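Chain nomenclature is as follows: A, B, C and D, assigned in order of appearance, with residue numbering initiated at 1 for each chain independently.
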Amino acid sequence: MGKSSFGNIFTVTTWGESHGRALGAVIDGCPAGLPLQEEDIQEFLDRRKPGQSRFTTARKEGDLAEILSGVFEGKTTGTPISVIVQNTDQRSRDYGNIALSYRPGHADYTFDQKYGIRDYRGGGRSSGRETIGRTIAGAIASKLLKELGIVFCTYTKSIGPVSIKELNPEEITRNALYMPDALAAKEAGAYLETCMNKGDSAGGIIECRITGVPSGLGDPVFGKLDAILSHAVMSIGAVKAVEIGDGIRTAGLNGSTDNDGFCMQNGAVQKTSNHAGGIMGGISDGSEIILRAAVKPTPSISQPQKTVSSAGENITLEIHGRHDPVIVPRAVVVVESMCAITLADALMANMSARMDRIKDFYSSLHKNI
Amino acid sequence: MGKSSFGNIFTVTTWGESHGRALGAVIDGCPAGLPLQEEDIQEFLDRRKPGQSRFTTARKEGDLAEILSGVFEGKTTGTPISVIVQNTDQRSRDYGNIALSYRPGHADYTFDQKYGIRDYRGGGRSSGRETIGRTIAGAIASKLLKELGIVFCTYTKSIGPVSIKELNPEEITRNALYMPDALAAKEAGAYLETCMNKGDSAGGIIECRITGVPSGLGDPVFGKLDAILSHAVMSIGAVKAVEIGDGIRTAGLNGSTDNDGFCMQNGAVQKTSNHAGGIMGGISDGSEIILRAAVKPTPSISQPQKTVSSAGENITLEIHGRHDPVIVPRAVVVVESMCAITLADALMANMSARMDRIKDFYSSLHKNI
Amino acid sequence: MGKSSFGNIFTVTTWGESHGRALGAVIDGCPAGLPLQEEDIQEFLDRRKPGQSRFTTARKEGDLAEILSGVFEGKTTGTPISVIVQNTDQRSRDYGNIALSYRPGHADYTFDQKYGIRDYRGGGRSSGRETIGRTIAGAIASKLLKELGIVFCTYTKSIGPVSIKELNPEEITRNALYMPDALAAKEAGAYLETCMNKGDSAGGIIECRITGVPSGLGDPVFGKLDAILSHAVMSIGAVKAVEIGDGIRTAGLNGSTDNDGFCMQNGAVQKTSNHAGGIMGGISDGSEIILRAAVKPTPSISQPQKTVSSAGENITLEIHGRHDPVIVPRAVVVVESMCAITLADALMANMSARMDRIKDFYSSLHKNI
Amino acid sequence: MGKSSFGNIFTVTTWGESHGRALGAVIDGCPAGLPLQEEDIQEFLDRRKPGQSRFTTARKEGDLAEILSGVFEGKTTGTPISVIVQNTDQRSRDYGNIALSYRPGHADYTFDQKYGIRDYRGGGRSSGRETIGRTIAGAIASKLLKELGIVFCTYTKSIGPVSIKELNPEEITRNALYMPDALAAKEAGAYLETCMNKGDSAGGIIECRITGVPSGLGDPVFGKLDAILSHAVMSIGAVKAVEIGDGIRTAGLNGSTDNDGFCMQNGAVQKTSNHAGGIMGGISDGSEIILRAAVKPTPSISQPQKTVSSAGENITLEIHGRHDPVIVPRAVVVVESMCAITLADALMANMSARMDRIKDFYSSLHKNI
């Protein structure tokens, strides 16, 4: 499979650079008959759009989604869905000085090492704009999952030293930082102002909670649901750690405090806790899936930094132009998108896990003819 | 690709259950001409073998590797390498009571939900014995990497509340916990004794450092080297978090403290720090790769636990028989193996990244004929 | 995916060389709950076994299948099924002279060119024994398909100049050539005697007819069912052409004679002919799938042949020892196996093609809990 | 891998329907540094363009290729190359009557069976326009191969009963049928006129010859070069048979007449014949690769045909509008494209087949730093 593709049945292939003509995604393996409109995708793209607050870049791009194939009369047809977003505001002059130097914290150096050629007008393929393709596919996957009752709640859990203290889902979209805690959002905002005044930036943590996931998704070994989710989320630029359920904390727990017990409730098996984050042995257990991603600070800062030029000279670099002091809020929808793509794929793969269900499936078709 | 396979060019397919006749792995895409003997694999298997200390199960299996194909006169031939380990000491009587109940912290419940059938004699495919296949492949990948000067240093960083304070590579194999710090190993041992006395277990953190990795490995988007490493390591049972470089700590840093600067040293580009853990924009930068995995406590504990039977009754379960109070030490080689497999695959994939190198490669062949 | 693997959901990975310790296959993605015993596999292996008539090699190997994993209490568990066949009669002395020369019609030369090393004791990975792994997987796939009412009729259509004139399914297993026409089998036997007397060999054509295939299998573009079947069958050593339906004959037809009309019959859509061989636009149409494979003559002949030694000298080679004068009869089960593997995979992939069916599938599961 | 993707390292993903807004392809894994312009792609697209002679549809679309990503300053950058072709002349009114009926020889019926929804304005994803994506990728693959000295000669071998008698490469582009024999082209033209007068169509055979292919491409089992080529070519709509080398004729040959001998010539190994078509045991042998594809007659004919409506009534269908009486000439570049894509992928995969070459590769890089 191509390196710019993800998924086995429900797959996404993304393309495009920050300063090229356009970016886009091809979603293949989406089932036929899913209602889909450009608005569904636009809603997701708008969540990652720049220029929405004083903490995001002023670059005012429309980032308008156009569906080019795979949808007919408002429904998917089972064929590849190609979606394109034009690059309307390229402003490559902002990036002039980076053409000749390796920016710390960016992929400039490694790109040159690997390919020997680099689109020096901007981040190119390694730009944050690359996530447009992921978000397009995430919007489609989410639409599919919603039809099955699977719902996401994704938000900023912390920015720098400021963590949420409550989880109020309604609050998430009320503040520019996508935090489910108004007070924390206010404090984080103040912290970011401080960073900006110093020409510096901040990192943070994104948490994704998914409810309504049927048990049985994922596979016992390399295809563990948590492993695929980790692949999906760690492939987002700037993510440096991924946790499932209690995550890193489990290293300090005991079996007696980490194990989730089972009990019967109204005739159904229930868990008495959810340290595991909804996945046991790589397979979803029907409870809430909980995942966290640690996002590093924006590498583009206006403070002077020591680095080298492509010509091999020690230089001091100052990156001008506006840059987001924090990536986290705009990455919330990207984390959600990658989780949605992973779940859509796992849902489809799981349909063939049992012989009795395969027989039921095909015998019901025969009756229809 | 099958769900029990991993890798794109250098691939491993594992098979086998804890109480079946045997377990094994098929390694495909290994280049021809690599010197390989059963001893190379045995050395790795011995690192995960039970019965080596009072902290590991007494189950004394030989776990002897037999190479069945792909090697001729001491060298790989380019064809699939099939390696088998017989299950000689199955002792299924130990596991009798788990046939009828869902053990907390295990995959019993989710396995039943997914497949509707379960090898109730033990953990089956979700047993820790599944890692035999990974370790076999890891031994081969490591042999390959060593030929290119790529070397691993993997160890227990913490067990429960006890973390290492120094990194002394020689110490790692001197203590049963694979800790590079003799004092910490002693403290951790004492902690584990306490856990065992309470019929409880502990978790911990494994760290893997890889040196000699050439720059250029990995791809910019979904095939990021850190994303594949996360997939690889999170697919190990009991791993609940993966970090690259500063990992979760980066969420609290600023751009000015997280960015790694560049400088010229002896005519070569060097980094002035390594917060990124050797990977920038998903591509290796030539510096040390650093990865950590958080391992949850052994779920099998002898304390009574609340759970339900397969028949849907609330029960209290006591798991008899000896179980490791901690998985971490035996998982060290498994984490190393998964990283080795990932790197071997990335090394091979990277060979076709540049047209000039493809031309050089094929023009040198032409000269040989 | 590894080069020794085939399939996307129902996958097979084969391993082993003609003169190694064993050969085998790992079948992953087989649904749980399929009744499976070693006898099911043995039955298929026996159809390709040598030593059954004067037209097959005397090499009397048991070729006994042992299931090592993935089956519990007579049913598949959803985990990888590992099956092994020991190499008991290796008789490498028969092959002594080929170690130093490139046999015409064999892969000796290309193997050396690619890998620079070769298991010179026999055909190695390119031996006909490699098909043992395919046949193992084919037996399992066939068992699965039979449960859904999909049935194969595969036979020798021609050997050298002798073609069948009738298709009598009962006759197939009554003659050593697997021809569904007793008279043609007799003539073909006489023709083979002539070839053997000259130290020569013959080729032929295998035809595979599959009934009970539901409509809808396969995908519109690169995943066309006929394209995957061609890949599957052309990957069998010695196959040099693959045809679907009227195949090569269609090149000489007109639209008016090649198009299959539709008509209503008992309220169902029927085709008025089947030139297409059961596949339209890459998707099964519910009618009989028809495929043919052209098999070249056995390359090992006892006549002297001009060739070169590995050392680069012109030599004349005489291949002693008994070799089948024709590969076709033993390849019948291999063609059937590859088609069965392909269909099993396509059946499982097709389950997620429509949103309404995905919803039905998951809503029925919810009711079960 | 998505069903609309092909290739393992050098991959293509195509998208688009005949009456949608656009069609295109994303080529991923193309090495960095390959000179590439829109003209390179246009040249290939023009070879499949309609409206070039009285034997092709009058639909005058520009079919202009636009490169949207992956190319910077005239060279590939190693990132996905997205190429788009707008659908400017959709004329959906031509196809009005097919919305309600299943056209014989088309995918209308199977598409409805699989997806339950169909873009009834035309062939949709199953239209011949789908090959635009393949041709785009083929142009890029061919550019890459040409840099390595690999050259294609692809042409119409026969149309209906008229076969070429000579192979004059210069002649191929001089006649509208792409036949390398002026006389045969004239006869075939006359034959096609007869077909058109009857409202009928014709099929034919395409032959592809590839020179300069290094030995060693392809893998011994499922990844045989001939198997992948067959998959590639059989996935083109209307192709019903694929042959390698002597193909179906080998079924009637003897070992003594089919085997290709070897001899030393100027110190190099040469073959004394090429019945195998350049591939032995699935691996290229350095000689000319020869492949043939049988193409069925255009299914759209103006003669009345018996079929059924989507509503389940027996009807007689007359397809108005102009349709090519033969697909073969326009499919020549498509066959060449699929072979080029396959070879580009195999070339890149082969680079990691030997340990000594991997070591050479990486040790030369070390020297460069």
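Simple rule for what comes next: a residue touches a chain if its C-beta (ideal position, glycine included) is under 8 Å from a C-beta of that chain, and two chains touch if they have at least 3 such contacts.
The structure displayed is predicted, hence computed values, not measured ones.
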Longest centre-to-centre distance from chain B, chain (CA-based): D
Recurring contact interface, reference B-C, options B-D, A-C or A-D [over half identical by residue number]: A-D
Mean-CA-position distance for chain D and chain A (Å): 37
Centroid spacing, where centroids are CA-atom means, of chain B and chain D in whole angstrom: 43
Distance between chain centroids, defined by C-alpha means - chain A, chain B (Å): 26
Multi-partner residues of chain C (each touching 2 or more other chains): 1, 3-5, 8, 14, 29, 32-33, 78-79, 114-116, 125, 215-216, 220, 269, 286, 349, 353-354, 356
Of all residues in chain D, those that touch chain B in their complex: 8-10, 29, 31-34, 76, 78-79, 144, 147-148, 214-216, 220, 268, 286, 347-349, 351-362, 364-366, 369
Contacting residues of chain B [partner chain C, same complex]: 1-5, 7-8, 11, 13-17, 20-24, 26, 28-29, 32-33, 66, 68-70, 72, 75, 77-82, 84, 114-119, 124-125
Parts of chain C lying in touch with chain D, wherever the complex brings them together: 1, 3-6, 8, 14, 102, 104-107, 109-111, 113-116, 125-126, 130, 158, 160-161, 195, 198, 200-205, 215-216, 219-224, 226-232, 234-235, 237, 240-256, 258-264, 267, 269, 272, 276-277, 279-286, 294-301, 303, 305-308, 312-314, 349-350, 353-354, 356
